[in-house]
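Look at the two complexes coming up: subunit A is in both, with subunit B in one and subunit C in the other.
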Partner chain A sequence: MALLGSTILFSCGNQNGEGSSSGALNSSNAEKVYVAPGEQDEFYAFMSGGYSGNLTVYGLPSGRMFKEIPVFSQFPTSGYGYSEETKPMLETSFGFVPWDDSHHPDISQTNGELDGRWIFINGNNTPRIARIDLQTFETAEIIEVPNSAGNHSSSFITENTEYVVAGTRFSVPVPQRDMPINEYKGNFKGALSFISVDPDSGHMAIKFQILMPGFNYDLSHPGRGKSHGWFFFTTYNTEEANSLLEVNASQNDKDFIAAINWKKIEEYVNNGGGTKMPANYAHNVYSDETHSATSTMVKEVLTVDPTKIPGAVYFLPTPKSPHGCDVDPSGEYIIGNGKLSADLTVHSFDKMIAAIEGKKFDGEAYGIPILKFEDVLAGTVKSGGLGPLHTEFDGKGNAYTTFFISSEVVKWKLGTWEVIDRKPTFYSVGHLMIPGGNSRKPFGKYVVAMNKITKDRYLPTGPEMEHSAQLYDITGDKMELIYDFPTHGEPHYAAGIPAELIAPKSKKIYRLADNKNEYATLTPADARVVRDGKDVHIYMSTIRSHFTPDNIEGVKVGDKVYFHITNHEQDFDVPHGFAMIGQNTSELLVMPGQTKTSIWEPKKVGVWPFYCTDFCSALHQEMQGYVRVSPADSNLELSWSLGD
Partner chain B sequence: MKKASILMIVGPLFLLGLYFFPLWNIMLGAPQYPEPLGMNIYIDGIKGFNEFDIQNIDGLNHYIGMKTIPKPEEMWEFGMFPIVIGAMVFLGVLIGILGFINKISYKWFLGWFILMSILGVLGMYDFNAWMVDYGTNLDPHAIMKMANPDGTPMSYKPPLLGNAKMLNFDVASWPRTGAYMMFVGMMLTLIAFYLGWQQRKSTFQEVKMKSQK
Partner chain C sequence: MKINVLLSGIMLALLVVGCGGKEEKKKDGFSVDRSKATENSVAAVPESDAVPASQRITLDDKGVGQITSITLDAEINTEMAAAGSEIYKMNCTACHKLDKRFIGPSPKGILERRSPEWIMNMILDPKLMTEQDRCAKDLLIEFNGAAMANQNLTVAETRSILEYFRTL
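Then we have the complex of A and B:
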């Protein structure tokens, strides 16, 4: 009895102690981001890799990285861009381009809400748009964008994924030609490309390109709800400077947000409008059935002169080289984040329509009507911050804007423009992301700030560090910084989505029976080696824990050996790897049911081993084989075997 | 007798469930198989609980030298069982109909039940014998040769009924829908017998009472 009494006393005392401890706030923050072992995150966050050229997948709130999806860059980890099947994905009109600068992921939508079928991302340097399948988490398609340069105001999608839109940052001569750089003004063009997305297959095709005046088209977002059918692009360098832009493109007091009525232009081109222009751009499509990509060069693009379509394009004056262009969930407010200003400019869609109907123009630029600033302005957010870049929305009437220079996130109210809260970021935040935060239906639980500068946030790793992200809880009135985590590459933007919209559809294996790869080995009995002149094709299968065949003779110096590896596993998370000594390429990582091909050009006589690079089973270390390489003039016939 | 006969007709029809639903199920879970592998045993063959489970169980079993899970054509039972069940359904329904038109006595109901029970026990015996062979008759060249603490080779016979631990796997072996339907059907025939017997008794008493008057 006495023991019982003291236990109660003790536990009471303990609880009191916890309640009054100064660590209480921190420990409740820890609970908010703690995803216990074996439990799963609430959201997926897809972060662009920036100069990694790829897309990384994280969980929120844990900040754990799940996968790096290779998109525009060769990826030796899986063999993407190295295997014969995936090399065509990186073909362009400039030849094989094994890298890009990936920027703005955007998840497909239906009725303005995330549907989790695909995610699109732009390659900024060699203009390309990629579509990633969210069942396989693999890049399914890449289309090059002609007449574009610095594909930055991309890859944003309309609210039923009718189009993925790609705008050019650099204006360039269209078509490209040899001309003096300083004749830029009035001669260069800015192409805004509307790429249609097939609602079933997701396949992309450039429907039309709008050839706009030679400004820099920085960022964009679609109208939604009542403004569905419009697209908004921020511009800078309306000065059309071609040198020392940091000064010369910062002279105008106001640049523009270009409002594009794409429905009107779509109707125009559907009725035969527009000019077909010779072009040359790559369209690369990957198939889950053949496990192979094809690259096709497209020779023509439909261009549109916006001045030929009355009512298609208007300019909304917006102060000071606006960067981010964001549209609130209702579709009413279009936010210009005036990078070189302290203020945010918010335009009203209704006012814009009224001004257009009232024909209240303030002149024109290259034939495109300019609306009066005062007529379209809904309000100005005077935040006191510096360098506003991007805005996202929580679906509860609030907006969150990043300020690069003053290094903070500011929460403000739509309609009243009052600042509700501000929290520092560490350091110099670029983009921010709320899951669904640029759709009709945001999931306003967290905001992730993606910072450009890391400095002392983590243990130092020499001069080069990963970028830093911060997670804020935004369920309360005030934002609460709850977590800090490093991100891979340089995330420019991210797209988040509730896990339940994607996780149940995620593929576990590829069905071997459905494998249509030309070089697949569907049963071990089909494993063989075939010589075709100097080319030797090895049809090889893998299953725990052996290659079939694993002894091959009759290969000669100077041959080109193709290893066509088919993984016969039909079990979740059992890939097999393949690597050959001295091979001038990467390994292969072959998923269950998949076929991948790797080339080896043996240079030395001898007996050379290969092995499985993925620890597949208890007998992984036994999963190996040999190829005998004979002199170029040898008469040894090809032979192959397993287990004799 | 009418009510009893109707039950006797309905009861055997429940056995038809065996053509559509598994009789038995064996699930194998392990740390690296959070979603367990499993096999459903039907009267005409063994199928994976998920599409590729049989292939994956065979893949694991090859390490310890177990034979692959038999295909329908590899075991005569899978050809015979559907015929036996079909014959028993036919027989049971026939007995019920004959009972209904008072051609035969309710005692036939019990006869069917006993015959079905004997066949059931034989089936279980046969199934268990196969599992013993499957779990102990191992390839002498097996990759892993596991032994019990006393030095005897480890056997991998799954339990006929219940749970067991086998190396890293937790094995659970339980009847499934087909078996439950068979059980219900057989119970109905037993009830049919009981009703028939009771009615017979009361009819007998009535007759006795009438004769006393």
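Then we have the complex of A and C:
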């Protein structure tokens, strides 16, 4: 009876929800996104968390969420940013910053194709770039970006991952100084940072910063193929307004796309060009061997005045405060998504080069040549939509652009600029993503639209709702909306990649024998408790399902107790957790073979329990222990035991 | 049967709570209950084998897994045994102690009860063994449901542990 009832309800829901589609079409859409129990998705999708500061991992087409990777934010789920080993990851020149606003993930490339080694993402608020290792799905490195503010036209990588590029949205005084805000014009600078990536280790270092005029550098993308060696940034606020930008930065009919010949600048700095400027920025590196991060302050940055390098930088006039800056897979077309316009402006790389060679300039801005709009324009997409933001490509000659104001995705043809199809989104779409859609080799099967407004799409959850992603099948001439799924935080951009490029290399455990953590307990015989003044170090190991040791006495009120937990499991997916009553920090989740450390400052006399927070075995509930806390003046010696 | 176990579990919990409120020295009531609980869990051991799995001699049983045949040299390879001792120390001693039964049994004398193949299969894939090998399955129950951890050792590492066991 109940079964019958639910069947009836289910079929009703189908008819009501998709009034315009036939039942047969519905079932084929369901099949397209259905990944049966035990089966796996075809693609990984990495979505920025926006104000969560993290990166979330989903499967496509199912929309199932696999993991939230902590990047810029403390994450009690794993202890990231709470454990002693990971606290250095969040150090900056402003001190410990436990949060950020993560925006634009980009996967490493070789020859312009996704290679699945690392994924980079920017912290927008306190300018930082993070590198996440796609073997461990953990944040491996974070570098702060000096002279930047509102690190938004980031973190996009060149086609052999030579550089990860970070541009400032807000221009600021460089170097920072005490000066009147209204003297912005002509005095503030916009720093565009080229951060080199070591091809073996992935380690980042700021190679140079280009100090550009004080515009807002909004988004960027690298050239590819024939335009490899160039980088393109959209700008707005070329008015250089410092107040009421909503009005004052929308005065000019055209802003610019800045075209940067980074190979030329690289050559210039390799030959000793540029000016070393005192700076202070954090470089934080995590090691899988020591399971620990280090934070180093870097004291100098190499800056470049673009007017000193002829031929390095040009401005391409682009209508109406362009937002997204996207380059097609061939490297020929540079698309400016003029967010206050109905049309898209497409520039031609070949025409740009010809105009530069022909010196067809239309004046200059702060010494940087402005090319003539008509000379670089390849075409205009007359879409009929409103508020174009971002464009991705399917590798079959088509481009897909989101329109924020008119809430739709528009498919158009490169070269002819004709609109082929348009489909509504629900609602107010920001970025979109096709796996590999900003590389030379897109995998044009799905497009994911990331919407800013959710409203009625899901059951209401009070005033706040998760953002809504929508999946379109783009294998046919017409796009087909096949699925909605909620996403965590506010995904701005996302990066997708075929699962087969990552899954086989995914790490399953850390080898205990390779654990180089200073406080590791490599054999249960090494488990011990050591007092050093008021510091008490507990070297503890875990395996299903006990702690070694699990009874500890001789700790006193006023001590600072370090629990150094080493997980002796060597099997896939068997973490152990650790939590201590009254601890003023988070639990730890310790992966097999890993060591993590948590601090506890006991304040009360008594016998206090700790336990494993991750249901590890049938005897998980038994995985517990006690610490006896004596008064501060107690003479009780330290002792520890297990099963005695 | 199930209800009995449940009831005695509740009773046990009540008694434990009761004990907690009393003087710290008093523990008599508790031990009486513990023996009751033990009777129950012994009764829960299935099948009819009178001999507990840990004392059974199953030298003909090679277990289930990738190791089908091992020939031991007459002489113990001391170098291999030393390497095995180190691997054992890091990966196994959290649960196996030489001088006593701990989470699992002591490896002392194991070669008198189990075949070399069975030992290696048990180390290499304890989950498969406890699912498909009768003796391993009974051992899991006898040892309180504490499943042996797969330490992801290679065949060579496992072989060296076996050599180390020969020295015990």
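Of note:
Heads up, the rule we're going with is that the second predicted complex is superposed on the first by the 622 of 644 C-alpha atoms of A that agree within 3 Å, B and C clash if a C-alpha of one lies under 4 Å from a C-alpha of the other, contacts with A are read in each partner's own complex, and residues count from 1 in each chain.
Throughout what follows, a residue touches a chain if its C-beta (ideal position, glycine included) is under 8 Å from a C-beta of that chain, and two chains touch if they have at least 3 such contacts.
The model shown is predicted, which means the values in this text are computed figures rather than measured ones.
With both complexes brought onto subunit A, simultaneous placement of subunit B and subunit C is prevented by a clash. With both structures placed on the common chain, the touch criterion links A:570 to subunit B and to subunit C. In the superposed pair of complexes, A:509 makes contact with subunit B and with subunit C alike.
Residue contacts after overlaying the shared chain place A:459 against neither subunit B nor subunit C. Touch counts on subunit A: comparing subunit C and subunit B, the chain ahead is C.
For the superposition on chain A, the stretches of subunit B under consideration are 78-86, 96-104, 114-122 or 186-194; the one running into subunit C is 78-86. Under the contact criterion defined above, the residues of subunit A that touch both subunit B in one complex and subunit C in the other are 509, 543-544, 569-572, 618-619. If you check the complex, the residues on subunit C that touch subunit A are 89-91, 93-95, 102-103, 144-147, 149-153. Note for the complex: subunit B touches subunit A at residues 35, 51-52, 55-56, 59, 63, 143-144.
Those residues of subunit A that touch subunit B in the complex are listed here as 509, 543-544, 569-572, 618-619. Interface residues of subunit A facing subunit C in the complex, by the touch rule stated above, are 509, 512-513, 522-525, 541, 543-546, 548, 568-572, 574, 617-619, 643.
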